[in-house]
Every structure is written in structure tokens, then in C-alpha cells.
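There are two complexes below, and they share subunit A, which is joined by subunit B in the first and by subunit C in the second.
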Partner chain A sequence: MTWPSFLIRRLLQALVVILLITVVVFGLLHSLPGGPARGILGAQATPDQIAAFNAEQGLDQPVPAQYLAYLGDLVTGDLGESYTLNSSVSGLITERLPKTLVITAGSGLLALLVGIPLGMWQAARRNRLADQVITGVSMIAYSTPAFFLGLLLIIAFSLNLPWFPSQAPQGASAGAVLAEPAGLVLPILTGAAAMIAVFSRYMRGATLDNLNQDYVRTARAGGTGGSRLLWGHVLRNSLTPVVAMAGYYVPVAFGGALVVEQLFNYPGMGLLFWSAAQSSDFPVLLGCILVISVATVVGTLLADIAQALIDPRVKVGQS
Partner chain B sequence: MSPAENVLEIENLNVVFGGEDHEVTAVESVSLSLRAGEALALVGESGSGKSTVGFATIGLLPGNARTTGRIMVGGTETTGADEKAMRALRGNEIGMVFQEPATALNPLRRVGDQIAEVIRNHREVTRAQARAEAVQLLERVGIPQPQTRSRAFPFQLSGGQRQRVVIAMAIANRPRLLIADEPTTALDVTVQAEILDLLRDLAKDSGTGVLLITHNMGVVADFADTVAVMHQGRIVETGTVRKVLTDPAAAYTQKLLAAVPRLRTEASDEIRPSKPETEAVLSVEKLNVVYGRGPGAVHALKDVSFTVRAGQTLGIVGESGSGKSTAARVALGLIKPRSGSVELFGQELRAGRGGRALRAGIGVVLQDPASSLDPRMTVAQAIAEPLHIHRRSLSRSDLDTAVKEALEQVNLAPSLASRAPQELSGGQRQRVSLARALILKPRLLIADEPTSALDVSVQQSVLEVVAELQAELGFACVFVSHDLAVVQRVAQQVLVMRSGEVVETGPTERTLLYPETDYTRRLLDAVPVPDPDQQKIRRQARLTLAAGA
Partner chain C sequence: MSVPIPELTADPATRTEFSRAVRRFTRNRLAVAGVIVVLALAALSFLGPLVHSTDQVHTDLTQVNLSPGSGHPLGTDAVGFDQLGRLMLGGQLSLMVGVCAGILAMLLGTVWGAVAGYAGGWVDTVMMRIVDAGIAIPALLLLLIVSAIWTPGTLGLIVILGLVSWLVPSRLVRAETLTLASRDYVLTMRAMGGGHTRAIGRHILPNSLSTIVVAATFQIADAILLVAYVSYLGLGVQSPDTDWGGMLSQGLDAAFSGRWWLIAPPGIAIILVVCAFNAIGDGLRDAFEIGGRR
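Showing the complex of A and B:
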């Protein structure tokens, strides 16, 4: 399979999944308790008012027609109105999403940049002291809840050692946030810790697996050894499982953002989702779910493309 | 260096593998020498320590191995050398070719780059020079279109081509010593013959000494000048190839050679009584199996027809990818043919309940005894499993008796019943598979390469058990194998397949002695026989035939 046909095929698959997601989200919107009318007009609305609202909003139309209308709105970026924040859902998301992406992408990138070399380094020194110490620290990092780890980091690096602010940057846009990098350190670290632990564990395992493969023996029999063996042969072969997993970590990272944003008072998607859930602001909730679902699909798509770049067999389906 | 100088000298080598609480001596007091330009074959069965000697020589033993004694390669001592010193030797003074070409190359790097790396490990040349040299090496090992193929990834090459690439890596820096560890075991006989020809030419051109590690006596006869026979870590006999193969002194060598199935090239004097025509147990008619659709579709079977009769064995032979296993699987109902019919015990085989009842009359033995038994089931559970499925009414004690009888049938002690498969040897495991296959008293046994993972002596005992039981129980047998000598021994009828088609079929006695097609003839000619003089004549004949074609 050539690159264009591979990409087109994967994109089409992703589109189908996204379409299915819209069906689910639409179904959820549709089954809101009392319907959207009750949500917007409040519990005191009379049946007449509700009927009038439904007629006005097209909610008396047959369900398939409503779905098509919903889809049409989606395409034009209309996700409906928030019940509580007096703003459009898409407006809220365009304001908050970039800021959350700063944290999640930052954590993800940091986790990959640290976790991958760390795992390989450990594998090359398996069962020696350094490996065992890092394994222990990884286990702790993985099993410590993010809110607790974040608190510890604040106490250590903000209160005891005044290196970083305990509050994330409050700028209104991603650009403004990025202008204060010191404030991002603790939130990104908090978000990345567990992922670093997971990625390095995976990478360590994959590297150890590969070190026992026949091709490593062949390379060694040709006089290749040391770092050239590790970086030139083993790295690329060990990356595939880690990259695949990184794709699945997109929703996990968004889940982590919920905690991190709460802890560092950072108004992103996580806080938006949290407050919407507390005030039963369903359009906002479902808008967030849609965005996170689409981000997950895009994440796995990117992971697939990265895998095809690493391993030529992926494209021909022969891996 | 004079040609008579020894490129490899091993003195009193001992290798011990240390486990958690026990040690295993893999190699004991082994001494060998190999002269430049010659080939020394190290033969023995699995576990004899022959590969360990090879890995000790190139310094690639696992970390828990302890070595004593002396290994000299071209005058340099390698025992006790540190990793850096060994790295300078590997791929430079010593090259190595491995058994499994499918996994020997890095799947994610282009083959040309992998060869170039070995060159650059030892010589100060630019990347471009090394790549150009890699292309020349690919040409030298007989890869067509070397320029294009050097850009290929391993998965884009056939098994034989991959092995050629590994050989190119091993000879890239003109080593004095080439270690070839079962270099042709995973390849078809025709490809095996080509690879051995290639290794022979390369060694002759460069004066490289070859240490050939193999279990195949035919390969030894074809390739080696001298032979060392290993048994349980020790060398039991050393000598010239003619002496060892035709007039072995050690009892072990005699036993080993007696167990090697030999391809008969002349009709035997004894005339087998022609058996009366028995009923057809399995007959397939114009089977077609196609994988995929459109232009990329693979025709795995094309109009394949054959019949197997009660008490008889049909051997299906052919190279890998010829469709011989697919044919067996269709008969089992595991693969649904696109067209054609399968008649089992006089009834059409269909999917569903009826098919399941019919299939209860088939026993199956597969190639790899290690992976075809569930490691979490005891031997008794594995053997009894078909009874649980097809004879649900049996009582506990009936089951136990049945299992005990089945074990006795295949010459296994009843005390093995409670063991786990991984506690058994390969031959024992394969006999357990056989007991499981026969417990329902099948009318048809399908055996797919049942002995190719076994040592020859073990193979012999398994084949004997099958023959005895067939005479006793009268089942029909489909015997799929790449080993023509084995098929010649067990089968009355043979089916030769190539690319999903039946090339020829007939009584084994006729087809494998007087083949009607070039393909069968080439297959037969490529089989090395364990007699150096005879094999030399066969090789000449094959090369002449190839040159003429």
C-alpha cells in the first residue's frame, strides 16, 4: 500500500468513528431528563411553553431529521448554548481547549521524551541498582493519585523551595499562558508523572524483549555493540508498542487535566467539564465529551501514522 | 598465512550454564581444529552442545555461561577476551550465519544498510562506499537486481534471499572463519542446495574456513571435509567425512546414521505386495481455496483432487507455500474451500453439527509438539480432551482407562499421565499428540509435518509407532511433509504440490523413483544423501542439469 492510499484509508476509518461518536452524543443529548426545553426553561416551565420551545428549536421533528440538523450544526461549529454560562458551547471550548492542550500535550511530550530513553537506559542495566531504584520510583509515581502528587510538588517546589508558582498562569489564551513558562512546570510535571512511569515501564519491557531477538544476535555477530546496537537497532523496534499506547493515553491525559486544572486553578477544559457536571449543564458536558472523543480518535490516528513511519510492514498490514 | 594454517583451534573447551540453584554442563572437553579453506561439520542431535561451541567461538554465549579452555581464531585467543576485543573480531575475523532467516535480520532496516553497518564496524569507509560495497555483496550472494534489493526491507524478501543477506553480512569483511549454525534447516531442499553451493563457492574463493553446525547428515555429506560428532556435550568421533559417514567407529555415530531416513534412488528388490483396493476414507474433488479478492487474491489451492483409502497413507510433498498444509486443513474442515467437495467416510463434509460428528472420526498431529499442547493441561487431560467433547457419557474410570491404554499404545509409561507437557522431551510430546489424535479411534489421521521438529532417532521411533498403530487399527493417513525420504518410507501414495496445484500423483514407489515432471525431479535431486561419494555425483548431476536448463 502506498502512503496516500494508507492515509486516505485511515482517515476514512477515523471519520466513520467520529460519525458514530456524534450518533452517541446526539442520543445522549436527546435523552436528557425532561429534554433540552426543561433544561433551558427551568423546572417551572408550563407544558405550553415547552411545546412552543420545541417547535421553535425543531425538537418536534422526527429523530433522524433532528440528527441531520444536529450534524449540520456541528459542521458549522454550533454545539448549542450553555444552560448556565450564557455563552455558546463552541465559544467556551475554543477559549478553553488550547489552554488544556498546553498542559496535556506538554505532559504527553515530556512523558515520551523522558520515559522512552529512561526505559531503554534501564533495560541496558537490567536488575542493577539503578534499574531497581528507578523501578521503585516509577511504581510510586504511578500509584500516587495526581491530586496528591500535585500537592506534594506544590509543598516542595513552591512553598519550601520558592522555585515555581503554585498557581498556573491565568492568561486568557494559550499564547498568554505560554508567556509564563514557570507557572506551567508544576502542572505539566503533575500530569506527566504517571505517564512517564507507564511509558518507561513499557519501553523497558519492549527493549528487553528486543535485546533477546535474533536480529540483535545477528547485529552483534557483525561486530555491532554498545550504544550503536541500542540506538541503531533496538530503539526503533521497541518504539512500536509504546507509540501505540501513547495514542490510547489521549483520553487519560484529558482525565488528568481535570485534576491538574482543579489543583492549580487553571481554567481549561477540565474545569469547564467539572463545573458543567456540577450544574447539570448538559450541552457543555456533551460538547466536552465530543471534543475529547474526537481528540482520542485523532490521537490514535496519529499513533497509527507514527507506527507506519517506524515500521514499513504496518502499511502493508503484514506486521 | 599459509593455506594449511589452522583458522580455528579449540582446546579442551568446557561450557557450564549456571542456573539459580543448579548448573548444566553443555560442553565438556571439546577439542577441534579447522584449516583455512576447509569445512568442518559439527553434528549431533538437539542438546548435544554443538551450537554452544559455535557461540562460544564468536563470544555470544548468554551471560550465565562460564567457559574454560582455549579457543584460538586465526592465532588470536578469544577465550577471556573482553567485549571490546570480541567486537573487533566479530563480523571481521569471524562471521556467523544463523538458522532462522525469518528473524535474523532487523525488520525495520533496509538490508543494504544492515550489510553496510558490518562493513563500517571494521573499516574506515564512507557510508556511500559501504552501501556500494553492500550492493556488490548482494550480487555476489546471488540476489537478483542487487541495487534495488539493497533498498528492500527483510519482509520484502523470501526466506532464501534473507539467508543470502545474512551470508553477505557474514562475509562482508572476508573473515577467516565462518560459523554456519544450521544455515539451511529452515529452508526448502531446493533452496538448501543453492545456499550450500553458495557457501562452498565463497569459502573456496576466499580461503575461509567453515564451521558447519548441523543435524542433517545429508548436508554434512554434501559440504564437509571433516566431521566431529557430538553427544551430550562431548565429541564422540572425529574424522574425514567419508570415514565417519561410511564407516563410523563410535556406537553413537552408528546409531545416529542408522536412524537417518535415506532417500532411495533405486527400486528395492523386495516387491511390496499390492494391497487390495480398500474403501475411500477421504476424497476431495476439485478443491479451490482463494485468499483475498481482486488482483491481490492468492490462489492457495487450484483444482486439487485426491483420495485416501483405509489402511493407506497418502504423502503430500512440496516446497513451503505449495499448499500442502492448506490441503490438509480443508480436509479437516478448518478452511472453507471456495469450490469443490470434501467427502469424508462417504458423506459430504459440511459446516455445523453434522460436520462436527464427522470430524470426530479424524485425528490430527501437528508439527510443533511444544506449541500444540496446552501447557496448563496435564498429559492425561490433553489426551482425554477429545473424549470430553465427543463422548460425554464416559465415566471417570472409563476415561482413566482410555488414557492409560492410549499411553501404552504410543509406548509411553502410564506414570507420565500426570506430568505437564513442558516436563517431557520433544519426542515424548509428539507421542502424546499422537495418543490424543488416536483416542477416538479415528478412521483418518492427518499428520502435518509430525516429525520435522524432532531429532532423527526420535523421528524414527515416532514413525515406527505410527506404522504399528496403522497396521493394527487400519486408519487412513494423510502425511504432509517436506522430507521426501520420510514420505518415501511411510506413504504408499504420494501427491506432489507446487503453488497450490497438484504437479503429479501416483504410487510412491513409482513417483519418487521415476518422476514424470521436472519439478519432482528437481525436488528429489536437491535432497542431499548421507554418503559423500554418492552425494558428490548427485551434486554434479544437479549442477549440470541446472546449467543446461
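Showing the complex of A and C:
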């Protein structure tokens, strides 16, 4: 199979998944107690008011017709209006998403940049003291709830050693936020810790598998030594499982943003989502879910393509 | 027409295989330590109150924020609850919800994955695209939405956590089923007239059992963490009930004024028990010699 047909096939699959997600989100929106009308008009609304609202919003139409109308709105970027914030959902998300991306992309990138070399370094020293200590620390990092870890980081590096502020930057845009890098250090570290643990662990395992392969023995016999072998040959082959898995960490990173933004009072999408949940602002909740899910699907798609590029053994189209 | 089908699973061989696995597991020091930690924390949570009996229902404003000392080995919290007693109470909920939710997720994932993998074709495609869609939605966000609609009790919490966690296990079981369904003994049994239910129930699932048990252990570890997050986001059980995550998030502010005893015990308990379940999962995986890493 050629590259274009591989890409088209994967894109179609992604499209199907996105459609399924819209079905789930639409289903959730319509399974609310009392429906959207009750959500907007409040518990005091009379049946007449609700009926009038439903007729106005097209909610008295058959469900499939409503779903098609919803899809039509989505395609034009219309995610509805917030119940409480007097603003369109897409407007709110456009404002907040870039700031959340600073945290999630920062954490993800840090996790890859630290986790991958760390895992390989451990594999090269397998079962020695350094490897065991790092394995232990990784296990603890994975097992620590992010809000607890964040708190410990604040106590250590903000209260005891006044190196970084304990509150994240409050700037209105991603650019303004990036202008205060010191405030981003603790939130990004908090978000990255568990992912570093997971990535280094996968990388260690993948590297160990590769070190036992024939091609490594052949290269060794041919005189290719330690670090050149490791970083030149083994790295590329071991990256495949980690890259394939990294796509699945997009939703984990966004879930983590919810906690990190809450802890560091960072006005991104996570905090928007949290306050929307407090006020039952369902259009905002579902709009955020939709955007994040689509980001995940795109993330896994990119991971798949990256995997096919990195690993010559992955024949394009075979899956 | 039904034909009597000879038993194709070889019991004695399975038994030696099993005892070998047990021996390998008991030689793994980290895994054994994990079992001990889980048992110790379970004993503390469920049997501890018999020894150290405290009032965890009525607040006592004359006894607030006491540091650890006589009468209150771990001090008291901001409303006068004995912190050690609270740790026991919280442990009951964290462990029970975590273990039940992990097992529920595994059961759902096993059925879904086995059916998809065994059926193959378009059924498999549809079922697995549904899993893809589900995995793309962050579990924490889904939990927040559900709780905006309805405040869950303990049982509700178990069901919700189970419902958001079965997707990854279903992939594992599907992969396992795909390989097993094409094995000769399953094909032979089918050719002799055995039905689908028998193929899945008697052959595929028992042979995937080790994979399932290992995945379940990791699921429990993740579920215990998820319970803590749920409490942190304010969706957990209502006071005076609590769990370790709830204690930890209530103690966050206290930590800044130096009352370490409000966060250290629940924090350490969560880390210990999640590490322990992960160590047990690693040990089981090595003992059963299953591929794959985590």
C-alpha cells in the first residue's frame, strides 16, 4: 500500500471515530435531566416556557434531525452558547485552549525529552544500582497523585526555596503566559512527572528487547561499540512502541491539565471545564470534551504516521 | 444435533504451569513486598478500628488541629477528627472502591474484547472503533460531567469508575483472543461441533486468564489513583465519610501552615498502595511470562 492510500485510510478511520464521539456527546447533552431547556431556563421554568423554548431551539424535532442539525453547527464551528458566561462556547475555547496547550504540550515534550534518554540509559545499565534507583523513583512518581506532587513541589521550590512562584501566570493569552516562564516551571513539572515515569519505563523495556536482537550482536561483532550502537541503531528501533503509545497520552495530559490548572490557579481550559461542572454549564462541558477528543484522535493519527516514518519494519497500511 | 466433546484442556499440565508461576512469583521480592503492603493497609483500614476506636461522625471543636501525641497518634484535623481513625475510615473506601472498580472495568473489558476478537470482521471493527472513541475522551472529564448530573454514593462511584476504565483492558483481551481463536485446539473443537459460547468460555477466556489477572492488578492501581482525583475535584463521597484522596485534598491548605500530619499519612498511604499493586502486577506478569511492559 502506498503512502497516499495509507493516509486516506487512516484519515477515514479517524473521521469515523470523531463521528462516534459526536454521537456520545450529543447523547450526553440529551440525557440531561429535563433536557437542555431545564438547564438554561432553570428549575423554576413552567412547562409552557419549556415547550416554547424547545420549539424555538428545534428541540421538538425528531432526534435524528436534531443530531444532523447539531453536526451542521459543529462543521461551521458553532458549539452553542454558554449557560452562564454570556459567551459562545467556541469563543471561550479559542481563548483558553492555547493556554492549556502551553501546559500539556510543555509537559508532554518534557516527558519525551527526559523519559526516552532516561529509559535507554537505564537499559544500558540494567539491574545495576542506578537502574534500580530510577525504577523505584519512577514507580513512586507514577503512584503519586499529581495534586500531591504539585503541593510538595510548591512547598519545596516556592516556600522553602523561593525559586519559582506558586501561582501560574495569569496572562490573558498564550503569548502573555509564555512571557513569564518561571511561573510555568512547577505546573509543567507536575504534569510531566507521571508521564516521564511511563515513557522511561516503556523505553527501558523496548531497548532491552532490542539489545537482545541479532542485529545488535552482529553490529557488536563488527566492532560497533557501546554508545554509537545504542544511540545510532537501538534508539530508532526502540522508539516505535513509545511513539505509538505517546498518542494515547494526549487525553491523559488533558485530564492532568484539569488538576494542574486547579492547583496552580491557571486560567486555561481545565479551569474553565471545572467551573462549568460546578454550574452545570453543559454546552461548555461538552464543547471542551469534543475539542479534547478530536485533539486526541489527531494525536494518535500523528503518532501512527510518525511510527510508520520511524520504523522501516512497519509496512505502511498494515494494521 | 449434539456430539459429546472430549475435554481438550489438559489439567495436570496446567497445574504444574500454575505452581511454577506461583514459585516464580514468591521469588520476586518486590512483588511479595507489594502483597505484604496491601495486606497491611487492608488490615489497618478494616481491622484497625477494632483496636483504635474513634468517633468519625461527630466533629469535636475542642480538639482541632492537635499535633501527633498521646491519645491521637497522628493528631487531629481541622474539625477535630482523630487522624489515625480517619486514615482507617478513608482506607476502607479507597481500597474497596479501587478494587471493585478495577475488577468491574476488567470484567467489562474482558467481555467486550473477547466478543470483538472472536467475532472478527465488521463486528470487531465497529466494537473497536467505539473503544477508540471512548479512549479519546479523558476519563476525569467524563467523571466531572456525570457528577454534575448526579452525586454518586459508594456503589455509584464504583460503577462510574468501572465504566470509564474498561477500554484499555478490552484492547488487551481482544489481542489475546485474536491469537487464541486461531489456535488448532479451538479450531478442532469448533469443527467437532462445539459452539461459540464454549469456545470463548471454556478455551479462550481460561487461556487468557493470566493476561486478565495481570491487567486487573494494574487496573486496581489506576482506579485507586482515580478515586483520589475524583475526591480532589470535589466529587467524592460526602463528609463525614472520606477516602484517602479526600483527606489529602482537605489537608492541602493545612500543609502551608506546617500541619504535615494532615497530608503525609494519606499521601503516603496512596503512594504505597498504588506502588504495591503495580509491583504485584509486575510480579504476576513475570511469573506468568506474559509479554508486554508497563
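As a working rule, the second predicted complex is superposed on the first by the 313 of 319 C-alpha atoms of A that agree within 3 Å, B and C clash if a C-alpha of one lies under 4 Å from a C-alpha of the other, contacts with A are read in each partner's own complex, and residues count from 1 in each chain.
Quick note on the criterion: contacts are C-beta pairs under 8 Å (C-beta built on N, C-alpha and C of every residue); 3 or more make two chains touch, one makes a residue touch a chain.
This structure is a prediction, so every number in the text was calculated from the model and none was measured.
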Partner chain in contact with A:L258 - subunit B first, subunit C second, else both or neither
second
Taking the superposition on A as described, I'd like to know which of subunit B and subunit C A:F147 touches: first, second, both or neither.
second
Now for A:L161: first (subunit B), second (subunit C), both, or neither, which partner does it touch?
neither
For the overlaid complexes, name the partner, subunit B or subunit C, with more touching residues on subunit A.
C
Contacts for A:M139 in the overlay, against subunit B (first) and subunit C (second): which applies, first, second, both or neither?
second
Looking at the overlay, what does A:V75 touch: subunit B (first), subunit C (second), both, or neither?
neither
For A:L129, decide between first (touching subunit B), second (touching subunit C), both and neither.
neither
Across the complex, what residues on subunit A touch subunit C?
13, 16-18, 20-21, 24, 28, 32-33, 139-140, 142-148, 151, 155, 159, 198, 201-202, 205-206, 248, 251-252, 254-255, 258-259, 262, 273-274, 277-278, 280, 282, 285-286, 288-289, 292-294, 296-297, 300
Subunit C to subunit A touching residues, read off their complex:
129-130, 132-142, 144-145, 147-149, 221, 225, 228-229, 232-233, 245, 248-249, 252, 255-256, 263, 267, 270-272, 274-275, 278-279, 293-294
So, in the complex, the side of subunit A touching subunit B is made of residues 213-215, 217-226, 232-233, 236-237, 310-313, 316, 318
Name, in rising order, each residue of subunit B that touches subunit A in their complex.
58, 60, 83, 87-92, 94-96, 98, 100, 103-109, 114, 117-118, 121-122, 153, 155, 166, 169-170, 172
